[in-house]
Each structure stands twice: as structure tokens, then as C-alpha cells.
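Before anything else, here is the set of structures, which you'll find just below.
What follows is a pair of complexes built around chain A, which joins chain B in one and chain C in the other.
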Partner chain A sequence: MTTTAPTAATGRTAPAASPTAPEPRRHRSVRTAEKRWGLLLAAPATLHTLIWIGAPIVVAIVLSFTAYDIIHAPEFSGLENYATIFTDGLFWLSVLHNVIIAAVGIPISMFLALVFATMLNRALPGRGVFRVMIFLPHITATVAVAMIWLWIYSPSQSGLMNVVLGVVGIKPLPFLTNPDLALGSVILVTIWQGIGLKMLIYLAALQGVDEQLYEAADLDGANFVQKFFRITVPMLKPATFFILVTSLISNFQTFDLIYILTEGGPANSTSVVTYRIYQTAFQEFRVGLANAQSVILLLILVVLAFLSRRIVGGTDDD
Partner chain B sequence: MSLTRRTLLAASGAGAVALGGAACGSGGAMDPSVPLDIDVADADLSGAIGLLTPDFVGDDRAVLDDDIIAPFTKRTGVDVSVDQVDWNKLNEKISTGIAGGIIADVIMTGVGWTQPFAEKGIFAEIPADFIEGLGYDESVLVSTRYDGRYYSLPQALDLRFIGFHPELLEKKGIDSAPESLDELAQAAAELTGDGVVGLDFLSGSAGSARQAFVFLLYAFGGTMFSDDGLAPRLHEEPGRLALQWMLDCMDTGAIDYSIQAAEGQPSPFQQKKAAMSLVSTGNWPTWQTMTPELCEKGAVGTFLLPSGVDADPVMFQGGTFISISSLSKNKDAAAGFMKHMLEPDILGKASAATGKVPPTPDIPETEGIRSNLLMAFGLENLPYAGATEGGSAAYMEVRSNLDGIVETCLTGRATVDQTLADMKKLCDGAISRI
Partner chain C sequence: MTTDHAPSISGTAPSATRARDHSLRRRKRTSNALVLAFLIAASVIMAAPFLWMAISSIRDPTELAQVPMPLIPKDLRLENYSEALGRAPFATYARNSLILATAAAALNVVFASACGYALAKLRFRLAPAVFGWMVACIMIPFYATVIPVFLMVRHMPLFGGNTLMGVGGTGWIDTWWALIVPGAVSPFMVFLFRQFYVSTPSELIEAARLDGVSEFGIYTRIITPLIRPGLLTVALLSFEAGWNNFLWPLLVTTSDSLRVIQVGIASFRQEASTDWHLLMAGTTLAAVPMIVLFLIFQRYFVQGFAASGIK
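The block that comes next holds the complex of A and B.
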């Protein structure tokens, strides 16, 4: 029986080659030449990746097995750094904070991004302006974002948030200095900053959804909500997977926002993994331990990406 | 030559390992062995040096550039570039500088910083005969030594005590300064109410939760470390009493953990939202700018933190110390600049700008110094300035985590016992690595 499969580039179907058929010598030599050219053309990117990504990862892994204080040469210390991590309550508290920020912030920002994208995918007056407004926080430097939110959260009555609360008769709240409020305040900023890019990706994905599906649903009498959940959401699954994974990774890379807004405080209530790694390396001079923490962070991200794939059900094409 | 995938991967792998080796080896390449020569004549100095300082912020920067650096450059021809950083970021600035191979020649740090950086070989040893010739009081030199040798010199002291609004105390019938910590807690509780907190002890206008704890630790007769710096003491009974005192005051509302001033705004004490507060001599220039009415005679009263164990009251001694980087490529010029910074008229100019107390009374009196009532009080009580941070080469590691541990206790997220155990664990771990 002859099978057909869609080609990656055209989507057209072509006869599948038999795996056991002998390849003519001329074809083999052409393929070998192509392979060599392929390797040669890929070499710059490969070298770049090996030198600027691979080498630092190798160095980080090597240093994670050493006692290194920046000043003196590293000394091999075996698994001591990893043993230390497992008893470092502050490191795991920081991991927990990242998990909380991700668990609360990412779903909310994804939902809002999808809502905005769906609304702004329609022919609305001034939609370009709205798109820019929502995307603006993403392209604004995090330092500037943090400074703006420092003012918004200012504990005095000059802070925007407390001005608004004052209007409804609520006393000024210490958003960033009360450990019960600080993490929630940080999450709000991550949501605000994160919606723009997610919305843009959803908007791009929405352009690719076949209009005929909606027309068919209209003929079947589906309402807006049914079309949204039965057509839009499933068709956006690859985009959702992409957003989820990149959001998880970027969530665990959050540093500058915490560094400027709270410095991990008060009472370590907003400490996150990257900030803890920074503290370990540059405040405590324990670079070997900081590298071990980085390796653990890498493993956490790999596991999260894998879990996301399983939960959202991404495919090899995602 | 044919280029196979295996060859490519092998070459790239070897490159990566070589890079790794180079990165690992960079720490060992630093050579701090060049000794510091303090007696080089000005005429023999040349080149350029870098100064890392957490002081002289805002308007004070002009004083540093025009009144302190310019005369030195004019006299010696040495260019001084200034790298200014907030106190909270100073430690990271030094460590990232070391990691990047760009470290200032002259480094200004705080009390308690000398031993850790000397132990790591970052600060160059300063000849003892030079320091002893300066005639500084032994009390201000204690923190400049590590292992019996000098590695820094005090450039300014930042003394801390309690300030109060006399009219608020009078309104409550309190007519004398508390003589014990119990009396202070009671007075603070009485003063609390009507939008006013009795004692602002934690808002950061005069330090941090960590420094407030250390101040109280000494008031209860404790110290942070043993004399040799190799055993923690802060987790012992005085530490327990210090934490409990703050918690008790928070229970009555006399200390409010969440009271904070917005960035760039007057402190709760300046706004009279706190009847009493920890104040530092360094607060004076800020008061002059933001709330000049507080600088009038009699507008603010001051007293030392009373003892909790029927002993003498205590004053907290912070400050700014000068050190020379052992990795400096122009140590002669760096030493020349350090000597310049310690000249009496330069100390006077710096003191007038920063509000901090010069380490020696041998300076020309200026209007800025004469009018600083906080400085006058601090100088009068210098013998009581026994509460200091540090005392161990492990202190910098302890310092960066102690704030969080104290805050965790004060916010009810850890018991006093857990907090003391965490402090001990932190100190033991840090000490084991020196």
C-alpha cells in the first residue's frame, strides 16, 4: 500500500520513500556534499551557541562543584553545594515565591491577554491605539516599570494606589513594606507588564484561525461563548503552549523587578530564585553555591517545560 | 581538510572547556602582594585612580568634586573618577567589580566591613605607624583592624541615638528622658495614638531592622560575636531580650513595623507622625533641606538609648571608612588620596556636607559643623558609642541575611526561638567558611 504524507513546506502530499530502497551512488555523493555544506553553513550559529551559551553552562556546572569566592581560585568541593541547597530554607522559599507568582500571575495575564486579543481582533475604532497601549508595558524597560510602580505603591497619600483607596475611604496601605501585601503587589506588576506580549502572540494566532470554522458554527447556531470555547481556544492551543512555556521561563528569570521594587523583602517575602542566586554570589561571595543554585533552576525550568507540554498537550511542531 | 560533525563538536567542546578553565582561573590571577607605600611625595604621584563611595549623594557630590577632589588633582595631577553607589548596593558593587576585574583604587565602606574584606585580601594593609601618628581615639580604630593589622581608616562616624519632639512628650506629661528600656517602652506606648506612633525604630530613616536589633543587643549587654570573631553571640540572652522588646512594643502599637516614608519624602519623625525616633547625625542635612524647623534650637530633643540591664546607655556607631584596594594598579596615588581625605580641613568640609562626625576633633570648626546639633550631641557622648556592627571576618555574609531574619521575626513569621536559632546557624555557617 502506498502512503502519503504532507510535506513541511507546502502542505501538499507526496509519495513516501521506501526506507529499504537502495540509493543510487550519485544521489549519495550529492547528499554527502549537501551535508558538508549544511554543517559549514550551520557552523557560525553552532559556534556562537557553543561559545556564548554552551561554554557558560559548562562553566556554571563545573563551578557548581567548587567552593569559589570570586577572589581565590575555585577548590573542588564535590556535592557540598547541592547538599547545602537542600537545607537552605531561603532558597526553597524563593522557589515557592516563583511558583506562586507563576501560578497566580500567568493564568490571569494569559486570560486577560486572550480577552484583549479577541476584542482587538475585531474591527473596532481606535484598536491600533489600544493595541499599542496594552503592548507598551512590555517594551518599557523593567527599571522604568519598577520606578512607576514604586510611585503607584508609595506608602504615603501621594501614591496613586493609595490616592484611589483614599477616595473610597480606605487608609493608605503599605503595599511593598507589609509582608502580607508585598508578594501580591509584585504579582500585580508582573500581570500588568506581561499582558502586552501575550496579547500580541494571541493576536497573531487569531489571524491564522480559519474564518470558515466560525461561519460553519454560525450556520449551526453557535453563540459567541460557544464559538470562543469550541473554536478559538482549541485553535490557539499551540500559541497557548508557547506563551505558557515562555512565561514560566521568564517568570523564573524575574530579577530586576524584585531588585528595584523590594530587594526580596520585607522579611524575604518577595525573594525569588534569581535574586537569591544574586545574593549568594555577590553579597555572600559564594559563587560555587550560586552556580549550583543556577543548575537547580535550570532543572526546574526543564521540568516545568515538560509538564507544561504534558498539560497543554503541545505537539512536536510547537 | 574535511570538516566532520565530530571534529566540529570536539573543537567546540575543547574551546568551551578552555573558556571554563580561563574563567575558573581568573580569581587566582589577582596579585595583592604589592605593599602600600604611604610616604610617596605628591610630586611623584601620577596617573588616575577610581574612588568608590556610598557617601556624598545628591547636593553633597559637588562638595566631593569641587572641595575635596579638585584640590588633590590640582596638587598632584592625579585624576580621580568617582563611582557612587547606595549603601545597600555597595557590597555587590565591590564583588561585581572584583569579578569583572574593575575595582576602585580607593574604597569607602562601613563599620564592620574591614575584617571581611581584609580577610579576603581585597584591602591593602595600611602601615601602623602612619595610623598611630594620626592620634585617633582607640575607640574609632577598633573596627579598622583585622588580625592585629590595619586595613582601613575612619573618615566619618555616623552616631545614632533617640530623637524626640519635646512638645509631644510634654503633652503626655513626660518631662524627663527614659532611664531604662522599660521606661522607654512605656513612654512610647503613652505617646502612641491620634495618628502618632510612639517610637519610629524601624522605618529606615536611621538604619534598618538589622541595625535596630544590633543597637538593642548592645543595650541589653550583648555583642554580635566573640572577641576573636570566631563564635556568634547575637543568639544569646541579650539577643532574645532585644527581639522580645521590639515585639512587645509592637504589641502595644508603640512601634509600628509598617510605618514608612515614601522615597524622597520626610521621615515619619520629620512629619511628626512619630513622637520619638532613632536618629543619626547624618540625618541633619536632610532635616535642613526638608524640615528646617527641626534644626532650630530646642525643636528636637535627644537622649541615648537607655540600657536594658542597669548599665550605661549606649550610642550606635556607624560610619564611613576608607581603604585601599590591594588590587589597585596605582597604590601610591590611592594612598596619597587617602591621606588627603584625612587632612583636617578636608574632613571638616566632608563633615559639613554629610552631617557625619569627623573621627578626630582636630578639625577647623565651620558654620556647618557648629550648627549641627545632632553632631554636637554625638560628640558629647562619644564614649558611649559602643554599639557597632561587625566584629568577625564572616560579617558580610551575616549582614546580607540578618535583615531578613530579624524582619521575619518582627512580622510574626518566626518565633523568637526560631529566629535566634536561624541567627546562630547563619553565623556558624559563615564563620566556618573563613
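The block that comes next holds the complex of A and C.
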């Protein structure tokens, strides 16, 4: 039955005299079709990414060794661009700003995200509403988010932040126009916008934590704080690593926020890598140099991914 | 129940357990109330900027000059929206964003799903290489390749007055090609589709092959209908990325008729400078469509975002 059913179903007539012959041939033709269609279906996406991601990387690396101003043809200049970057204080200042935004903003938003996720993981009335409200900043375009905060940070007496501070008796502050305050103001927005996604990933991870662990802890009289640090935090280590790496990567891609909020100012106090690259290429037209900066950005991200794997993964044995 | 006088080993145990249960439950209730209060406060703070945006967009601008400024506007002023629409072509911006986002969603659903299916279900020689390449591509930030992509678009041969060598004109700059083509396939969406397809039963494919269904038919008619939620997730995430995209449209469009809404908002900022009631009306127009879409399809968004971790 098992040998006749297929042929009957496919409608192909197999000669009854040789019951074993058609099977390998049919199988072979299926394998050929599978191979052919595998290649065919994968081809468009593969070619597209080769053209629009693969080729640009090669172009970026090649152009990083040239002097190029868009108008004249690129001219080979050896390692000059990299030498320029090496002594370019503004570029490294921008890198430093990314590092500060990450070092201050990511731990705070991760901690808040974890707190919210832990709280929303229990049966509470209206938890769906809370989840949406905390997640909204992530779903909204960063340009729109930046516009809103531009207005909130307004130095005029109608700026919401200054209105709130006025209630506690603090005089209006120039949040975005004072070099000492601007980076902090930017960080606050990144924290606010970053909580939602981290919370969502933590919530998904919490679904996988065995409820019995908490029940056992309850019986042992553990309080909320103890359960949080002794059960929740250790059980969520893989999620924490995942969030850390993705947050670091997206932190180095901060652009829209800076473009709208501060344009890297005042006095370059909020310039970040992507914004610096944008300025070099599209305002100063030093395209070769900008490509070298892009290559450095790429290297930073690769190193970051490996480093964070070692730091977080290094204590796996406990 | 308590009349049970059986000589148990621990005669006091039931009542003691009950008492502890009781206190546990009470403790749980008070802690729930505390958590609830905290969450209400926190989520109001989180949503406050949006509330402020909405309030500002319907406020009479003269209120802003009052001392002290009333936090809640006295009356609803929808004229702000018509005035903003009159000052900048937001309808055109929104239409352009809609086209861009829809195209991104459709193209990703078609091409990324085809590749994801092939990687998940079909054995072909290059499969491991293609999969490795896609994963590597996910790691590469767009900002690291944006300049070469811009140059490639600008030097697209035979377009925009360019010669076969890609010089002399502007190539794809300020065309729909530039807006849509480079982002037509996202490697992350390929990866996501592969994950969705991996969880479908391979037995169905074998059975369909025996029934003589073509490989293409198996992909489109047998397996893909099984991952409908996944299709929606990818479509929504692609749409969101398209609608919220800023840097790329900023770089490749110059005319007002091709401007997308995020770039439109940024340029409206120069135009309306301190007319915050108009700026917030425009910002609301740019933000609300995604918020509404999210509220409707929350489940599908969440599924995709939890897997991505990257905005």
C-alpha cells in the first residue's frame, strides 16, 4: 500500500512490472526540484542584500583610502583618512558621547524595564493598558519623539519641564542650550524611549521562569526584594545579555534624536558618531574621511558585540 | 472539616497552614495594591509627553503666554490642525509615507518570506552560506553603509540623466526608486521568517510532494498560510520602519512632492519655528497613525519586537 499510494495519488502511472524503479527516480526529481526552488526562492533576497549591504561595505572600505569630495573623482590617499581620524578630537568626542549615553542610559532603562516587567508579570487589573503606555515611546517615530521633547525642554515659561521644576521651586533651566545640561537632557529621552522594548523582552523571558520557584520562595517567607534579586535577576541572565547587546548596538545608531533636538550642539556637547559621520559626508563633503569613520563605527560595533558576550557570558558557571 | 479528630501526627498543621495562607494572601493583596499604585504613577509619567503633545496641539496659542500658563486648555481648538495643514502639505507627506511603508511591507513579505522559507525548509547547497550571510547582515548598521548606498543611488546608470557609467546626472535621487528599492528586503525579516517557517510541520511538505504539488505551490498554498500571524508581524514591522524612517528619505529626496512625513515634520520645524501649537499638531499627525496601528495589532507587533531588540 505504501508503495502504490503515492503513485496513485500523483496520478503518474508506474509500470507494475518494476515496482522499485520509479521510486528512486521520483525521489531524485523531487530532490532536484527542491534544490532548484531553494536557490530560486532564496535568490532575490540574497542578491538584494549582496547589492545593497555587501557592495556598500566594500565601497566604504575602498573609499576610506581615498580623498573624495563628490565633485571630483576619488583619489587614492593611503591611510591618510585614518591618520586624520586618529587626531580628530571631535570624532572621538562623539564616540565618547555615545559611550556616556550608553553607560548612563542603558543600565537605568534596563533596571526600570526589569522592574516594570516584574510588576506586569502578575495578574493585575489593567496590565494591558500599562504595557501599552510604557511601550508607546518605542513605537513612535524618533523624529516625533524628539519634537515632543524639544517642546517639553523649551526654555520659555511654557516648557513643561520648567513648569514641573517650577512647582518644586527650581528656576527655569536651559536644558538643550547649556553645554553642561544638553547631554543629560538627551540621555533622559533615550531612557524614556528605551524602557518599552526592554520591558517587552523581559516580559517574554519572564514567561519562561518556573512559577514554582516563586511559590517555594513564598513558603520560605521571602519578600519581594529577595525574590527579585535571588530568583528573577539570575533567571533572566540570557535576556539581560540580549538586551544589553542590542541596546549597545542601537545606541551607536542614535541619529534622529540628535538631528532634531540639538544638531550635536551646543558647542558639540551632544555630537554622536552617526551625526559626526553625517556632517563629514553631507555638510563638509569629505566623503573619503566619512567612509573611514563609518568603517571605524563598524569595527566598534563588532568589538562591542564580542566584548559584551565575554563580560556577561563570563560568569555563566554559577 | 475541623471536626476531624483523627489522631494525626501533626494535629495543628491544618489550621497553621490556613493561617499562613491567609496572611500570605493578605500580604499579596497589599503588595498588589502597592504595585498597582506604582504602575499607575509610572505609566502616567511615561505617557505624559504624548498627553502634552495632544494638549498642545489643540491649545489656543495665546494661553502659552499667560502667567501662570493653564495646564489644561480652556477650549478645544481644532483649527490648529487645519492651519498646520495649510502651512505645509502634510496630506502629501502622509500619502508618501503610506506608499513607502506599504511598499516596504509588501516587498518584505514577498521576498523575505521566500528566502526564509527556502532557508527553513528546502535543502540546497548554498543554504548554510546564505543563512550565515543574512545573520551577518543583521549586525551591520545602516548608518555604516549609508554613504556608499547614497553614492550607488546617485550614480545609478541610465537614470536621472546618468550615462551608462553612472555619471552626469542625479541617478535615482529624488525618485521613488531611491525611497523604495534599497530597503525592499531586510535581512532581519528573512531571519524572522525563517524562524516562523521552522516551526511548521515538514510532514505536510512531504505529503504535498507525494500529491504532486509543485515546490512553489507548497510554499505559497500549503506552508505560508500556516504562518499568517508571522506574515502580519513582518508586514507591520516593515510598515513601522518605513513610516518612521528619517535619515534615508532626508538624504535622497529634495522636492516637496516626494517628502515623507518625518522629513516633513523636520522641515516644518524651520517653517513654524516657535508656533508650538502648529508643530505639535503636525507631530500628532506623524505619530498617531503608528500608535493606532499598534493598538489594533499589538499582539503581532509584540511578537516581532521581542525577537528584534533593535529599533
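As a working rule, the second predicted complex is superposed on the first by the 258 of 318 C-alpha atoms of A that agree within 3 Å, B and C clash if a C-alpha of one lies under 4 Å from a C-alpha of the other, contacts with A are read in each partner's own complex, and residues count from 1 in each chain.
Just so it is clear, a residue touches a chain if its C-beta (ideal position, glycine included) is under 8 Å from a C-beta of that chain, and two chains touch if they have at least 3 such contacts.
Worth saying up front: this structure is predicted, and the values here are computed from it rather than measured.
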- prompt: Is the number of chain A residues in contact higher for chain B or for chain C?
  reply: C
Query: Touching A:Thr46, do we find chain B (first), chain C (second), both, or neither?
result: both
- prompt: Is A:Val59 in contact with chain B, with chain C, with both, or with neither (first, second, both, neither)?
  reply: both
- prompt: Counting only touches as set out at the top, which of chain B and chain C does A:Phe282 meet: first, second, both, neither?
  reply: both
- prompt: Is A:Ala216 in contact with chain B, with chain C, with both, or with neither (first, second, both, neither)?
  reply: neither
Query: So, A:Pro155: does it touch chain B (first), chain C (second), both, or neither?
result: first
Query: Thinking of the overlay built on chain A, is A:Leu307 touched by chain B (first), by chain C (second), by both, or by neither?
result: neither
Field: chain B versus chain C as contact partner of A:Ala83, first or second or both or neither
entry: neither
- prompt: Looking at the overlay, does A:Pro179 come into contact with chain B only (first), chain C only (second), both, or neither?
  reply: first
- request: Identify the partner contact of A:Ile201: answer first if only chain B is touched, second if only chain C is, both if each is, neither if none is.
  value: second
Query: In the superposed arrangement, what residues of chain A touch both chain B and chain C?
result: 36, 39-40, 46, 50, 54-55, 59, 63, 150, 154, 156, 158, 278, 281-282, 287
Message: Going by the contact rule set out above, which residues of chain C touch chain A in the complex?
response: 24, 31-32, 35-36, 38-40, 42-44, 46-50, 52-53, 56, 64-65, 67, 69, 71, 111-112, 114-115, 117-119, 122-127, 130, 133-134, 137, 139-152, 181-182, 184-185, 187, 190, 209-212, 214-216, 219, 240, 243-244, 246-247, 251, 262, 265-266, 269, 276, 279-280, 282-283, 286-287, 290-291, 294-295, 298, 301-302, 305-306, 308-311
Field: Complex interface listing, chain A residues touching chain B
entry: 36, 39-40, 43, 46-47, 50-51, 54-55, 58-59, 62-63, 66-74, 90, 150, 154-156, 158-159, 174, 177-179, 263-269, 271, 278-279, 281-287
Statement: Given the complex, residues on chain B that touch chain A span 2-5, 8, 12-13, 15-17, 19-20, 23-25, 27-28, 30, 88, 91-92, 95-96, 98-99, 120-122, 257-258, 260-263, 265, 396-397, 400-401, 403-404, 407-408, 410-411, 413, 430, 433
Chain C-facing residues of chain A, complex: 5-6, 9-12, 30-31, 33-42, 44-46, 48-50, 52-57, 59-60, 63, 116, 119-120, 122, 124-125, 127, 129-130, 132-145, 147-152, 154, 156-158, 160, 163, 192, 195, 197, 200-201, 203-204, 218, 224, 242-243, 245-247, 249-250, 252-253, 255-256, 259-260, 274, 277-278, 281-282, 287, 290-291, 294-295, 297-298, 301-302, 305
